[in-house]
Structure formats: structure tokens, C-alpha cells
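In what follows, subunit A forms one complex with subunit B and a second complex with subunit C.
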Partner chain A sequence: MDLLPLYVSAKLAVITTSLLILISAPLAYLLVYGKWPGKFLFEALVNLPIALPPTVIGFYLLYLLGPQGYVGAIWREVFGGTLLFTFSGIVIATAVYNLPFSVQPIKATFEKIDPRLRENAYVLGLSPVATFFRVMIPNSINGIAAAAILVFLHSLGAFGVVLMVGGSISGETRVASIAIYEAVETMNYSEAWLLSLAFLPVSYFLLLLVNRLTRH
Partner chain B sequence: MGLRAILRKRTEYFSIDVDFSCPEGKTLVLVGPSGAGKTTVIRMLAGLDRPDDGRITFRGKVIFDADRGICLPPQKRNLGYVFQDFTLFPHLTIHGNASFAAKDKKDVDHLLSYFGLLHLADRKPHQVSGGERQRCAICQALARRPDLLLLDEPFSALDVVTRRGLRAELKKIKDERGLSVVFVTHDIHEALFIADSILPIVDGKVDRDWLEQITSPSSPRDVQPRAVREPKLALVY
Partner chain C sequence: MKRILSKVFGSILVALFLSCPWSSDASEDLKAAVAANFMAPFKEITAAFEAETKVKVEATFSSTGNLYAQIINGAPYDVFLAADEERPKILFRKGLSGEPFVYATGRVVLWGMGKNVCGRANWKDALSAEDIRKVALANPETAPYGAAAQQVLKQVDLWRKLEGRVVTAQTVGQAFQYALTGGVDVSFCALSSALTPQGKKGCYYVVEEAPPIRQAACLLKHSARQKEAQDFLRFLSSPKAETIKKTYGYH
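Here is the complex of A and B:
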């Protein structure tokens, strides 16, 4: 059995999750406590991937990340090369697709924190940024961890958006879910079974962990 | 040179319109029935709520002036604020909470010792009693070495015996440090015990009649004699 797709999937999930938590925590904080015009419009934009089919997101990303797209052009200027059909490209695509699945649980966690803790930090002299790091984050660890696990699982099983942006290049963009699809297409059911089986215990164990984290 | 405040703010139920001062090193108590606007007034002093109009100065420094568009954020007002309920940071120990914004770490141990919390220093807030949590909240506010201490019904959730002890401890340390204090309560006994001056607030306005009524000879016996026994008490109108 070719284990490379499992490795690519795991690498994609770890990098996407790390990237998304770094982006989502401050973003969620701004969405909960920030007061700026057009906030509701921005929040709807962040949540858009929940409503759109992965292939539609993939199609837009194909254009944006391509050599003619804004992101693709900037990438080529800064790093050289292209984003399409590369590992970096599928990381960006998976991150965009998973953004709401990361932001929303963290936002819900921040909303549950007593607002007076934040006010207490302010009257004790802490800036909003210091309050974020010294009060909000330490009191949201479980919620952030639960969000990270959900994003990890989601990224591990990413299919449509990855296929659109990355195709299926072995060792680069051929993730486990694409490998399973291709194995089924070529009637290589034993490989499809084995790859699918690899997902089951990991997903089940991590879901148990999410339940435990959100319960406390 | 102490605190001088003229505050106006429209709320959902009434308009707040108060004008008062608190001399340096003295305790001003805002007293009145629940829902009178006392908490909104103290929150405006702290910078947590913004008045619609008015002016606040402390030691001659303008911290809010609606006409000049000045409104210092809470971080820049150098004050201590003790909330009505327990607002300690749950992820920190008692010592961690008390030293959260401390300017002098040695002062933290002194304060914890003064308030009888040193032996609980390593416990989390949920592992100590309500009285101990509120003592820690006072330590936290005092450790910042504030110029002005604001307390919003800090003892309302505590039993009578704990309340009495805390009031006395607070009064003593306030005198030791020469702090200016603004204290909010709906309990007239508490107000009479702590206050150098009292500001009675009802429906967002200073209401002399309400205080006179409640401390008049026809009022319940346990209220009136205390007022008479406090000759230093000045009523602020």
C-alpha cells in the first residue's frame, strides 16, 4: 500500500491547523469585541465557505491562486513559481475552506467568557492586545484546542477543494481522500479499505477528545 | 484637588445627571436603591462607560471632558476597581491574581498577609471562599498602587460577618495608604460605616429627600441611631 497520501494528508492537516489557529484566534477576538463598520459583512464573508460547495470555492481559488490571479501573482513576485498544483497551494485552499470551522468555535468560546474579566484587565492597566494574550487565550484553551481538533479532522479529509487547486500529484498534492477516490475508481478496493481504515481510529479518538474538552 | 465629576448619560430607563466631588484621601459613598444608576456612575468614573456629557478631573488632571473630546481609556486612569461579583482570573492562583498588575511584587505579599490570604496563595479562585475571593480582588486592585479606588458593591454577595470584617480591613488600609475611595452600595448601614461623605442617588439624580427619609427618626430604629452617631458624616448634594 502507498502510504505517501496519508503522510501528505497528515502534513496538510498539521500545517493548516497551526496556520488557522494563529489567524482565527485574533480574528474571533475582533469579531466578538471589535467595533468597526461593516463587521457583519466581514463575518458573513468569513462564514461563506460553510455555505458554498467545495468545488465552487475550489474554482474561485483556482482563479485567485493562478498566475493571472491576485494571490498567484503576488506569490510569484515574492517566492517565484506558482501556487497551483503545489503543496503550498492546497494549504491555502484548505485554510480558506476551513476558516469558519476554526473561527466560529473560538468566537463562541470568547463569548462565553465573563466580559467583566476583560474589563477588569483594562482597569488593571492592560491594553486590548495584552488582555488578549494574558486573559482571553488562557481562559479559552479548551475551546481553542477543540477548534484545532475539528479543523485538523476537516483538513485530514479535505477532498473537493484540494482536487480543484492541487490535482493529484503523488507526494505533493495527492492526499488520502483523493487516493481513496482513485483506488475506488480503479477498483483497487483493498487499498481503499486500508486507507479508509487509517482514518477511523484517529477520527474517533480525536472526537472523543473534543467532547472531553468542550465538557470542561 | 481630589475627584470632581459632572456626569450626564441617558440610559434605557432614566437620565443620569450628577455633580459631585470627593476630597483627596476621603471616602465618598454612592448610596441608593437597586437600579438607581450608581453602577453606571462608577463605571463612567472608571472609563468603562462613556458619559454623554460632562467632565471628570482627578488631582487637577482631566480624565474626561465631553466638550474637548477627552476620554482617557481605563488603562490610563491609574485606578483600582473592585467589581460587584468575583472577577478574579480563573486561570491564575490567588497570588497570580493579586500580583497581576502589581507595581511592587513585595507589596503583594504584604497585602496578601494583611488580608489573611498568604496561606492560600497557591490556590485557584474556585478553591477559596467568596470572602477570600473578594479580599483577593481588593489586593489585586491595591497592588497596582492606584490613585483612586472604586468599589462597586464589593461585599453584596457576602455574609454579614465577612462583610463587617472586610469593611473594617478596607477602612484601615485606605487610611494607611491615604487613598481616595468611591464606594457604591445600596446598604445604608454600610454607607454610614465607611463614608466620609455620602451621595444619595435615586433614578440617576442626587436625591436628598431619599436619604433624609431613610435616616429620619421615623425610619427603622437600627438605621437612624447610626446616622446620629456619625457626627463626621457629611452629606454631599
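Here is the complex of A and C:
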């Protein structure tokens, strides 16, 4: 039995989650406290992946990441090679698809923080950036961890977007959910059973953890 | 809790990064884009090739049209085994591949396992049985076997009669799976599927009206492993490979 898809999925989930938390925490901060025109337009844009079908996102990404697309062209200039059908490509696709799922919970935690805490930090002379790192982040670590776990679970099971942007290349873009789909398609039921079984305890345990983290 | 969390995540991260660099061993293998109908013989042929040369071949099985679109968009395959001659020819004309050659010729069959299907005179007879509710077909746009089946159905004027009952599968392999799992009563698939152990659970009729499907293969230009890829393509015509192809009904 081929265990490589499980590894690819785990790698995809770990890298996408780290990347997204790094992007989402400052983004959520800007969305909660920033005062700039067109903020609501930008927030809707961030949330768009929730509303769009994975195939639509996949199709746009296919175009953007392809050799003729902007992102694909820049990537080729800088790193050489294409983004489509590569591991880096599916990391980008999964990150775009999961952006709202990490920004929204972090934003919610930021909103719950007592505003006096932040005001006190200002009064005591902390800059906005220092406030972010020394007041906001330490006070919302549970919420950020919960967001990270949700994104991790989502990326672990990513299917539609990855299939469209990554195809199914062994060791590169054949993630576990695609391997399961193909195993079923080719009537390799024992492999489908085993790969599916690998998801069950991981997902269940992580959901318990999310529950615990967000209880307060 | 915080400490446990950071420990868990930290160790997962470290383990992943240490155990395998970004480009894993799998990138050393030859990567083949293979039409779904050829899956069963392909697995045997690559096993024989690996035994002889120690070169592993990793395959992606899909419809010819899907694989073709991936290749046009720069998918990193070394060789392409299509289910038609058209698409490899276009790749060759675009300068994306070496000259294509026919590696197998397959047949379209109608396959089913119900009592109402088996023991009929021919495929048209089996298809007109009263209790046939659903018929599967690979997507004619992307799968050459599906296209051939659709063309014949139009030719013999059965297409309009069936249209509302046709289930479109992504690949010819999936069309076969629909019939095997009972989702549809019969499906148009490749003779090679009907000759697998699972296929022998049912019965098949060769669709004589459909011309034999000539399948071409080619070496992709951007492949970094030209020599191994060339060796593999040559191996497709070796006596060993020919024997395997014959057992699955290719000639």
C-alpha cells in the first residue's frame, strides 16, 4: 500500500497552516481595528472562498498560476519552472481557499478582547505593532490555535481545489483525499478503507482539542 | 495546554521537515500520464520494466483529454500514453513532444453483469432489454472510448432513445466501475477492463461498429530524464510488454 499520499497531505496541511496563521493574524487585526476606506469591500473579498464553489476557485487559480497568468509568470521569473501541478502550487491554492477559515475565527477572538486592554497599552506608550505582539497575540492564543487546527483539518482533506490545480502526481500533488477517490474509482477498496481510516482518529482528536480551546 | 500544543505542533513540524526535503525521492521516478483504459496492463508492464532496469515509473491515470490539458499547462510528466492518436499528434506539432507512435490498439465493449444483459445476441440486443435503466459512458469530450461509443450510438440511431438514461463518467475506468458496483446496468468501456478478474464477473459484447482505438504514446520534450523515458517507451514494444498487452485484449 502506498502511504505517500498521507505524507503529502500532512506536509500540505502543516505548511499551509503555518503560512496562513502568519498572514491571517495581522490581517484580522487590520480588519478589526484598522480604519480605512473600503474595509468592508476588502473583508468580503477575503470571505469570498466560503461562498464560491471549489471548482470556481480552482478554475481562477488554474488561470492565475498558469504560465500565462500573473502569478505563474512572476513565479517563473523568480524561481523558474511552473506552479501548476507542483507542491508549491497546491500550497497556494489551499491557502487561498482556507483564508476566510483562518481570518474569521482570529477576528472573532480579537473582537472579544476587552478594548480597555488595548487602550491601556496605548496609554502606557506601546506602539500599535508592539501592542499587536505583546497584548493582542498573547491574549488570543487559544483562538489562534483553534483557527490553526481548523485550517489544518481543512487542508488535510483538501480535494476540489487541489485536484484542479495539482492534478494527481505521486509524491507531489496526490494528496490523501485524491488517492482515496482514485482508489474507489479503480475499485481498490482495501486501500480506500485504510487511507480513510487514517483520517478518522486525527480529525476526531483535533476536533476535541478545538472544543477544549474555545470553551472559555 | 499551551505548552502541550506547542510541543505537539513543534514536533510534527520538525519531523516533517527532517524526514523529507521539499523534493522527495519520488521526483527520481519516471512520471507517466496514462489513459485510464490502459491501467491494468500498465501496472504489469512497469513492474517488469522496474525489475529489468531498476527505474520506477509513477503513473497518473485519467482521461486522455484531462491529461492533455495538464500537459499543455506544464504538468511535469516524462511520457504520455494517450487513448487516441489525435492529442499526441497535436503535442508533437506544438513542439511539446517527440514523435508519437501507436503502442496499443483497443476495442470498445458493452459490459454488464445482470441476467437481462448476458446471453444476448449482440450489444444492441443487450442494450434494448426492457429493464435497462441506466447506461454509463465515459465523457466523449475527454475520453476517446466514450467518444467512439457515442459516435456508434448516433450512427445506429440509438443515441436519442438513450439520451436521458446515459450517465457520464470521468474516465472509461470509472464507467466500468459504475457497472461493476451496480450503479448502472451496462457501460461502454474498454475490452481491457472486461478482461480483468473483476471484469470476468460479468459479460461483454464487442461493439463491432466502433473502429479499433489506436492509442499513441510520446516522450515529452521538457522531461529531464530523456534517456530513461526513451528506454521505457521502447520497452512498451518489447516481447514482454506485448505478452501483457495481449492478455488484456490489445494488439
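As a convention for this text, the second predicted complex is superposed on the first by the 216 of 216 C-alpha atoms of A that agree within 3 Å, B and C clash if a C-alpha of one lies under 4 Å from a C-alpha of the other, contacts with A are read in each partner's own complex, and residues count from 1 in each chain.
We take it that contacts are C-beta pairs under 8 Å (C-beta built on N, C-alpha and C of every residue); 3 or more make two chains touch, one makes a residue touch a chain.
Since this is a predicted model, take the numbers as computed values, not measurements.
Within the superposed three-chain model, A:116 lies in touch with subunit B and out of touch with subunit C [touch as defined at top].
When the two complexes are overlaid on their common chain A, residue A:124 makes contact with subunit B while staying clear of subunit C.
Of the two partner chains placed around the shared chain by superposition, subunit C is the only one that A:212 touches, whereas subunit B remains out of contact. By the touch criterion defined above, A:87 reaches subunit C but does not reach subunit B.
In the superposed pair of complexes, A:18 makes contact with subunit C only, with no contact to subunit B. Once the two complexes are overlaid on the shared chain, A:159 sits clear of subunit B and of subunit C alike. Shared contact residues of subunit A, touching subunit B in one structure and subunit C in the other, are absent. Every residue of subunit A that touches subunit B in the complex is listed here, in rising order: 114, 116-117, 119-127, 135, 138-139. By the touch criterion stated above, subunit C contacts subunit A in their complex at residues 1-2, 5, 9, 12-13, 16, 20, 22, 24-27, 29, 31, 39, 58-62, 70, 73-77, 170-171, 173-174, 177, 180-181, 198.
Against subunit C, the residues of subunit A that register as touching in their complex are 4, 7, 10-11, 14, 18, 62, 66-67, 82, 84-87, 141, 145, 148, 167-172, 174, 182, 184-187, 209, 212-213. Note for the complex: subunit B touches subunit A at residues 46-48, 73-75, 77-81, 83, 85, 87, 89-91, 100-101, 140-141, 144.
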